[in-house]
Structures are given as C-alpha cells and as structure tokens.
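Here is the structure we will look at, set down as structure tokens.
Chain lettering (A, B and C) follows the sequence in which the chains are written, and residue indices restart at 1 in each chain.
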Amino acid sequence: MSRELSARLLGELQQLVLIDPHTHINPHAPASKTLADIMGYHYYTELAHSAGMAKHRIEEAGLDPKLKVGRLVEWLHHLDNTIQVSWLVELCRKFFGFEGDRITPANWEALYDRAAKKMAEPDWEDQCLTQSGIERVFLTNDFDDPLTGFNSERYIPCLRTDDLVFHLAKPEVRQRLAKATGHEFTNTLGLKDSIGKLFEHFKKHGAKACAISLPPWFSPRNPGLSEVRGPLHRLLANEALSAEEALRVSEFVFWTLAEYCVEYRLPFDLMIGVNRRVYREGVFQGQDLFDQRVSLIQYQELFNAFPQVTFPISVLAQSSNMELVSYAWIFPNVVLNGHWWYSNIPAYITLDCRSRLQAVPRSKNVGYYSDMYKLEFAWPKFQMYRQVLSQVLAEDFVIARGWTEEQALDLGQQVLRGNVEAIFGV
Amino acid sequence: MSRELSARLLGELQQLVLIDPHTHINPHAPASKTLADIMGYHYYTELAHSAGMAKHRIEEAGLDPKLKVGRLVEWLHHLDNTIQVSWLVELCRKFFGFEGDRITPANWEALYDRAAKKMAEPDWEDQCLTQSGIERVFLTNDFDDPLTGFNSERYIPCLRTDDLVFHLAKPEVRQRLAKATGHEFTNTLGLKDSIGKLFEHFKKHGAKACAISLPPWFSPRNPGLSEVRGPLHRLLANEALSAEEALRVSEFVFWTLAEYCVEYRLPFDLMIGVNRRVYREGVFQGQDLFDQRVSLIQYQELFNAFPQVTFPISVLAQSSNMELVSYAWIFPNVVLNGHWWYSNIPAYITLDCRSRLQAVPRSKNVGYYSDMYKLEFAWPKFQMYRQVLSQVLAEDFVIARGWTEEQALDLGQQVLRGNVEAIFGV
Amino acid sequence: MSRELSARLLGELQQLVLIDPHTHINPHAPASKTLADIMGYHYYTELAHSAGMAKHRIEEAGLDPKLKVGRLVEWLHHLDNTIQVSWLVELCRKFFGFEGDRITPANWEALYDRAAKKMAEPDWEDQCLTQSGIERVFLTNDFDDPLTGFNSERYIPCLRTDDLVFHLAKPEVRQRLAKATGHEFTNTLGLKDSIGKLFEHFKKHGAKACAISLPPWFSPRNPGLSEVRGPLHRLLANEALSAEEALRVSEFVFWTLAEYCVEYRLPFDLMIGVNRRVYREGVFQGQDLFDQRVSLIQYQELFNAFPQVTFPISVLAQSSNMELVSYAWIFPNVVLNGHWWYSNIPAYITLDCRSRLQAVPRSKNVGYYSDMYKLEFAWPKFQMYRQVLSQVLAEDFVIARGWTEEQALDLGQQVLRGNVEAIFGV
C-alpha cells in the first residue's frame, strides 16, 4: 500500500512546474551542446578519477569533446552504482531516447551522436526546460557580472560573494571590484560603499538573493572598525596578512553584506561547511571536502543581529542537519534550503527530509535546488528528490498520521514550489 | 504483515500503566485549566514565533487566555506538519471530543469552551491520568522546594541542581540556599554541608533522583579545594568571577552533588548539551539551542570516579546518540534515558531506539519520559514513542530475528516501565 | 515483495565463499575449544559487566572455563536483546545443533558439552571454515611476530603497528623491535631502517596490509627530522617525554610506515577514532571508547602526500561515516573498509551501507570484515552484514532503480569478495 500511495503522490508532484532556487547555470549557455558538457560535470570526472582514471586523461588541453566522453565511458562500470550516474542515465533516457540501463563502450557513441543532434535543435533550451517542468532558474553570479544579455524573467540573478569575503587580498579581485563599481576603495568606508554599489546593481537587475559558501571554521562577528583598519591597510598595500588579520577583513566584509541584505531586502543564502582544495591534485571542482566539526552556534550572533534578514541555510555535513532543523525551529530568520552536495543522495535526503517535515514550520522549508551547471540536470535531480519526498509524505503523513492525500500533496507542493516564491519573493 | 504486527504490539503496549520518569509538572497545578495552558507550552509559542508571529502578540502582559489561544490558532496552519501540533490535535481528540484533524480559526472557539468545561470538572486530574495510563509522575523541583502540600505517592520529587552548579554567583540563589538550609555558607566545607542538607531534605520527602542540564562545554572534574577556595571567596564577596574561576566553582558543586548521590543512593540524571539563551529575543523557553560538538569523553573522569552512582543520561543532539549507546554498553553506571527535546521527534527516536535496543543491555534502557509541563501531554507523547517502539520491535525483533510477539512485548514493557522501577527504585 | 526479493538475494549471497580482510585470529589456535573461548569474546564479558556482573567473577585467576560460562549465562537474560548475543545463539544453532532461541541456566550445560565435543574433532577448524563459507583470513600480527608455523595460504599476515607509533617509549617495545630486527636503533635513520626490516620480513611472509588503530586526536604529519631528533634522543635515554615530544615521535614513525607502504606496495589500513582505557576498571578489551569529534580533514596531508598508497579506512563513530563516504568519493587512495566495533550493529550498518553504495565507486568498497578472535564468529557476523546488504540491494537498487537481480547480486558479490581480492591483492 505504501508503495502505490507513494507512486500516486509522485505522479501528482511531477505535474508541478518549478522554480529552481540555486544553480550554477550560465544564462548565456544554459543548455549542453554535447554529452561532453553533461559528462564534464564534476560528479563524473571526480568519480572516474576517484575510481582510478588519471587526471590528465580528463583535463588534457584541447581534448576533443567526443574523445573525452569516450574516455570517461570506460570508467562508468566502476561508478554505475552511484546515484550520480543514475542521473546521467535517466536524463539520457528522458531527453535523448536512450533505451539502455548502462552507458557502455558499446553504446555510447550512438548516444553521443543522437544527443548532439537533439541539443543542436535551436529551441533545445526551451524544450529541455519544458520537459523538465522548470520555469525559472536562479543563477550564481560573480559580483562583477554585468547581468545583461539574457532573459532575466527566466534566469534570476543572485549575488555570489565568496570572492569578496575570502579573496579580497588578491589584487585581481580588487581590480574586478574597482571595475564593477567605478571606484577604488582605500578604507573601510570606501569598501562598504563599493559593496553597496554591487547590491544596487544586482537589485536593479532583479537579483533575489545574496549567497556565499563558508568554511567550517568561520564564525561571523561584527569586528570594530578599529580592528579592521590596520589589516585592510596592509591588504591594500599588498602586504601579506596573518591569518588573524585576514579573518578581520573577512568578518568585516561578511557583516557588511548582511547589512546590505537588510537595506536591499534580500535573503542571504548561507552554504555552510566546505573546505576548499583539500585534495590538491583533484580534478576541476573535485578537490573540496569538509570537516564535520562545525556548529550553527557559530552563527548565533549573526542570527540575533539581523532579525530582518532571512537566511536560507544549506549544510554540507549530514550530521549538521539536526542543528539546522533545530535552529530553523527556533529562529524566525533561519530557513531550510535544499540538500547540498555530499548530502545530496537519497540515503541522506530521506533522513533529512523526514526530520525537517516533522519539526520545522512548513513555511520555512525550501525542499530542493538542483545546483546544476547545465539545464539537463534539473530533471533527474528534482526527480530523485520528489521520489524521496513522496515516500516520506506517504509513510509519515498519510499512513502514520492519517492525512488525506490532498493534504500531503499540498505540503509537498509548498516545499517544492510555494516556499521558493514566498521566501525569495519571486 | 509488518504493519499489522506493529499495530498488534502497539495495542498491547497501550494497556501498560506507566510511571513518567521526567516531567516539569507543578504538583500544585498539574492539569490544565484552559487550552491556553496547553497551547502556552513553549513548543507552540516558539514554533508560531518561528513561523512569523510577533513575540509581543504571545507575551503581552495580562493577555486573556482565550484571546491568546485565538491568536496562536491563526498560525497553526504554518505548523500543522509538525509532530508537536499533532500532539495537540491528538490530545484534543482524546480528551475533549474534538473530531477535526486541524484546529482552525473556524473551530477553535467551540473546542476552547468544551475543553474548559471538561477541565473544570473537579476530578479532571484523576481522569486525565487514568485515561493516559499514567500512575506516577516524576517532578523537577527547585532545590529550595518545601516538597509539601501534594500527593507524594503520585508525584515523585527530583532535586534539580542547575542553579547550584551554574548560578551560585547570583546573590538570590545563595539567599534561597541559605533559607532552605537555615545556614549561610562561608567556605567550601560550609557549601558542602548546605548541599548535604538539601539531599537530606529531598531524600526525606521521597526524592528518587538528582538531575541537572549541562552545556556542551562542561567537563566534570574534581578540582582541588585549593583551586576552589579563592574563587568561592570572591563569589561570596560578590566580586565578578573570570570564566575560569566560575568554572572552578561549578566543577566543585557538581562533584559534590555526585558525592551526595553516593551517600543518599540517588541516580544522577544528566541532560547533556544545551546552550541557554542562544536566541535572545525568543519567546519564554524558546531561546535555547545547542552545539553538536560535545562528547561523553568529557564525562570519563566522572563515570570512573563514581561507579556506585547510576547516571541516566539524555543527550540533546541526535549525533550524540551513538556515543550514548556505546558508553552505556561499556560503563555499568551509564544508563539510557529517553529522547530529549530536539531529539524527540519520530525521525530521530526511530534511529535512536533501534540502536539502543540492538546494542545496550535491556535492563539499562529507560525508553521514554514526557518532559511535560501539564498532564495532558503524557498521552500523545508516550503514544508517539509507543508507535515507534512497536515498529522497531516488529521489524528488528519479530521479523528480522524471529522473536515471538510475547518476547517482543516483554522487551517493550521493560523499557516502558520495568526499568523505571528498577533504576529509580520506585 | 521487498521481503521476498531480499530473501532471494540473501540466498544467493550466502553461496559466495569469502576472504575475511580483518580479524584477530591466532593462526596457531584459530578455532575455539569450548564455549568459554566463544563467550570470553569481549562483547559478552563487557556487556555482562555493563549489566552488573562483577569483573572479578569474569576475570578471576585460574577460573575454570565451564564455571566461567555458567556465570556468564546467568546474565544473558539482560543482554538477549543485543545483536551480539544473537551472534552467539546463531552460531550455536549452526555449529552445535542448539535448538533453543535463548541460552539459559537450564540449557547451557548440555550445550557446553555438545559444543566441546564438536570442537574436539580434529578437523574442527576446517569444518568451521567450510560451513562458514570462508577460505582465507587476514591476521593482525604484532610487529615481532615470526610469522611461521601456520598455513600462510589460509592465514594472511598483516603488520599491526600501534605499538611502534604510540608505545615506542616503552623499553619492552624497543627490546622487541631490537630482537625482531637484530639491531638496536640509536637515531632517526636507525629507527627507519628497523621499521624497514619489519616490512621486509612481513612482505616476505606474504603480508597483504599494514594496519593501525588511531586515537581521535591524532593528525598525521611529516615532522622535520630536526623536530624528531631531540625527542627520540630523550626517549632512548628513558627520559619522560612531554605530550608534544611524544607526538613528534608518533608522527615520525607513522609517516615512516606510510613511506614503506609505498616501497613495499602495501595498503595501509587506518582504523580511526578509538580512545584507549576510557573505562579503566572495565574488563579485558572492554575499556575503550571514543570521541566523536574527529574529522578526516586531519588526514588530508597524508592522503595528498601518498597517492600511491591505498588507505582502506574504518571509522569508529557512525557520525564519521559521511565524511568517509565523501573522502572516498574524492580521493582515489581512500577506500571504504567494513563496519567497525561500535558501528557494527544493523541500525548503523544499514545507514552506512546505503550511503556507501549510493555515492562511492563500487570498486572502492570493502563491505565487511569480521574482526573476530575465533573462527566461529565469521558466520554470524557476515550473515548479519549479508542481511543488511540484501535489503539495501533490494530496496535501493532493484526496486527504486529498476536493476535486475543479477545486477544487484553482482554489486553485492563485488563488495563482499571481489574488492577484497582487488584492493589487497589476494
């Protein structure tokens, strides 16, 4: 009974057209052109490398796309158990008429050609979105993105701020900031102004969120200006900062971002817990990991200081989910946001989805985002989430608590779509 | 088959009359008088506030109880997914003849009146306990509670010691202590004696446990008297203590409590992991959270030093459950105690219950306590636990390990009731 | 359907003959002689002690084996819920014709005698292995083990190195090292040479891994020789080392082991997270626990520095599993290895098995090892794992992802056996 019920709920939830609230889509090239764009997604390159494929076979300069796919396919039999490869197979079946259950050295080439032909159709982007049931897509824009030349009804800008908070000591970052704002800052006030100009620019172009990913050791605080002046001076002089000095600058920029989120009424997406470049010889985007010893208690000052700002929060470690549930249960401005990266597999989504639906107000739960780089991934990733969600709704709500199917669907629709509209104001 | 089996076990377990081994019941006013008493439980106020309800709408001075309920009901549709609201609906259905599945602006007032009428019956306290299948209830008493004027067969005193360990620097706490013991302590020995007097008083009035909640950073140790004397002197002089000095005093008082638990043969309930006042503008009792970075290794000296004391332990973070299971598996004096606060939702209880039943001697497992403030909550909370327990017994014992239903029920009865009797000596 | 399917998969997986990649078998006395050998396994003594049995009743000098079993049996009714006792009952049913479901004061003596008779058969070792479906067994050898006098086709040596890394300050450890290598080292280079000789010896005798268990606070690094010389000198002079100095020596020895793993092409099994002697009055081998606050980030330098070494990793805390999954997903040289000790119960294996199969290349997953001290335990422990594995394969692969049963079995066989052969080169 549970299985039929869950399938029925899934069927209904698949009808709902969605807004994807966090992606890395390039709005100037949102869809793939070949399977190399699709299989170039770091999940496949890093897993193939993890299984033994040499990095240079993947990242060789000038590598022909088709050759690259052929090489990756040789390693897929080591990865076919992974949910990530199931996304690949599912999207090939949905979009490219693939009928197998494995992509192999024997069948990949025909698939490659068929896919390339399909993706060459001039309206492929539209087709893909329509078939995927996605109508709007949040972007992750560099702070100096001009935000022009794309359909801003469909693609919603989002100000990504990692570079500002953690890499302001790099001259090129400051140069980009100067160019974007028409102003070279020389002190704390000037830096604040420059950041303000970015918010103004983004807000004018329809941005719906400010976002950042944060290492596990970061703990936001509002440093006094006197603490920041010295380090900022030295940074502007291109002197090497101590770890403590660099932290003062990061704290200052971060706190300034939160202040502008108040002024510009933007949610501040926090993606908490990633250590960058842990595996230094890893493939592109396949080097980052984490330290589970992180706590949302590190954010208590922030949450207390900015009651007017909504913080949609993603955590990287599954062991952080319970804290996230509890903080969202208590703090009005803390909101659940999707299932991030290493947590984005059915085993963990199931545990997390269940606790979130049982303990956090339903209006504070953004169920899922795809985090995709190319549009073709929205469908299989959201589908994975919908399957988990349907099962949890069936078991925990309809069966265990006697809800009607309509009530359960209503809850499902709210976390899949309604809350994205309400929380991000789209 | 699993579902029918589980329902059968649940039916049997519901017959068992229970002792509730940890509550916050006021024995002078154990039952509610109106729905405002019930919906004033911090779970509803904090969740409504988390969903957007302004604090002053809840905590306005002199707010009429009925008006307060009406205001809270306006927010229930944001919370109806939570297990906490399901407790509310279930108790209204059980006790007050409520027939709906949602409490809404359209139906709450009739419910309010019906409930008030029911609760005005002179024997409501008895009715409620009988219908709930509860015969004895542990209290959480301030150290200066006179412990008189209530039925001490039904309500079992328990010495709560947070104030002594963490707030002795407050003059009012010391005044309360002086009044309760008839003695103003002026040094470490005097403080020991005062604490001893409290144990004597509580033991004489039938106390069955000493209890405390502890922050994640606390690590019990036995400080030398020489380490404590200075800080205690400064404390008595109302001088401000450094964090280190305050910690010495806390360690000393805590260790003294454990020593008296030996002398007075009392279990020492440890509720480990809460940070107080994390959300400073939160509603009453809706401000506390936690830091998952805590370990029972912090308690190794305590567990080694006091083999004669039983420590029933509750952990706040679900990620601490595995440590708790492992420490209870190894240390004879470490006992499992219920599912506390943020861990008290079916998603986490299921995981925790399963591991506890698989790996810890059955005699060391106190399955559940309600933690209630008003008697009406025992039934829905224990019922939630019984549902999880029945399912785990069905799946992990009867189906997976071939136990008979009688064997499974026997295990269920032991963790629900037998161990409460054996461990607390009631 | 799920249950029948899972039972079918289990039936097939039971046919597979296995290699057990981590045990504590003594190859000179691999099988038990009486139930006392079996019930002397620390799981039973520590659980009985935890439930209240006095340590001296278990560890009394010269205690008659049969008397010891009789005493332990008196406590089994407190433990019969544990999965560990289910192993005991299952092996008695399988090997000794036991027909009950509980071992009790009324039936244990007949069982004891029947078991003793069975185990006295001259080919009991062979019978036990054949019935258990085990053909080769990894050992855990002291670094000074001569590695002779046993069937090295069946029993595969493994160099255990805890003593070298953490106890070199003990004169007896250095004496054992001198005796084993025929050389007393007097400086860092001499120590390196001595360790090299151990590798040579072990490799010559067919060792297939180097192994160590590590405390949660350890973080491998390559200390400069200049950092190590002083501490090593003082150690050789039997002076007491500070914690920092001792750590330098540990780091140096550990790093040297990794270097020799390159040279001798041996996988380096890391068993991460155990604190020794936490419960100081515990029974033999029943004193160790852990601190969940550990992270694989502590191993990042090691994993980066030794890309040529395969690190099969076991973690003690279940909360570490997600890090392990993620690190194995990214680092080519990090491999999953079994379900260790406190994590080795169905509740945790299920969660861990599920995430591992969903997110790590299938070729990097060593599903299980028994960790046994006596051969009789391989069967019930592997059987417990096979039951979990079958259920995960049924639910997550056949049902949720539409795999054929053959595909699912193929995956199951790879993690049960194929990867042991491929990763350890047996």
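In this text, contacts are C-beta pairs under 8 Å (C-beta built on N, C-alpha and C of every residue); 3 or more make two chains touch, one makes a residue touch a chain.
This one's a predicted model, so the numbers in the text were calculated from it and none came from an experiment.
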Looking only at which chains touch which, which shape fits best: line, ring, star, complete or other?
complete
For copies chain A and chain B, the superposing rotation on Cα atoms, rounded to the nearest 5 degrees, equals 120
In terms of residue numbering, is the interface formed by chain A and chain C classified as same (over half shared) or different (under half shared)?
different
I'd like to verify one number: the distance from the centre of chain A to the centre of chain C, where each centre is the average of its C-alpha atoms, in whole angstrom.
39
Any chance you could list the residues of chain C touching two or more other chains?
293, 319, 351
Per the contact definition, I'd like the list of chain C residues that touch chain B in the complex.
46-47, 49-52, 78-84, 86, 101, 275, 278-282, 286-293, 317-319, 342-343, 345-348, 351, 387
Would you pull the chain C residues touching chain A in the complex into a rising list?
293-297, 300, 303-304, 307, 319-320, 322-323, 325-332, 351, 354-355, 357-364, 396-397, 400-403, 411
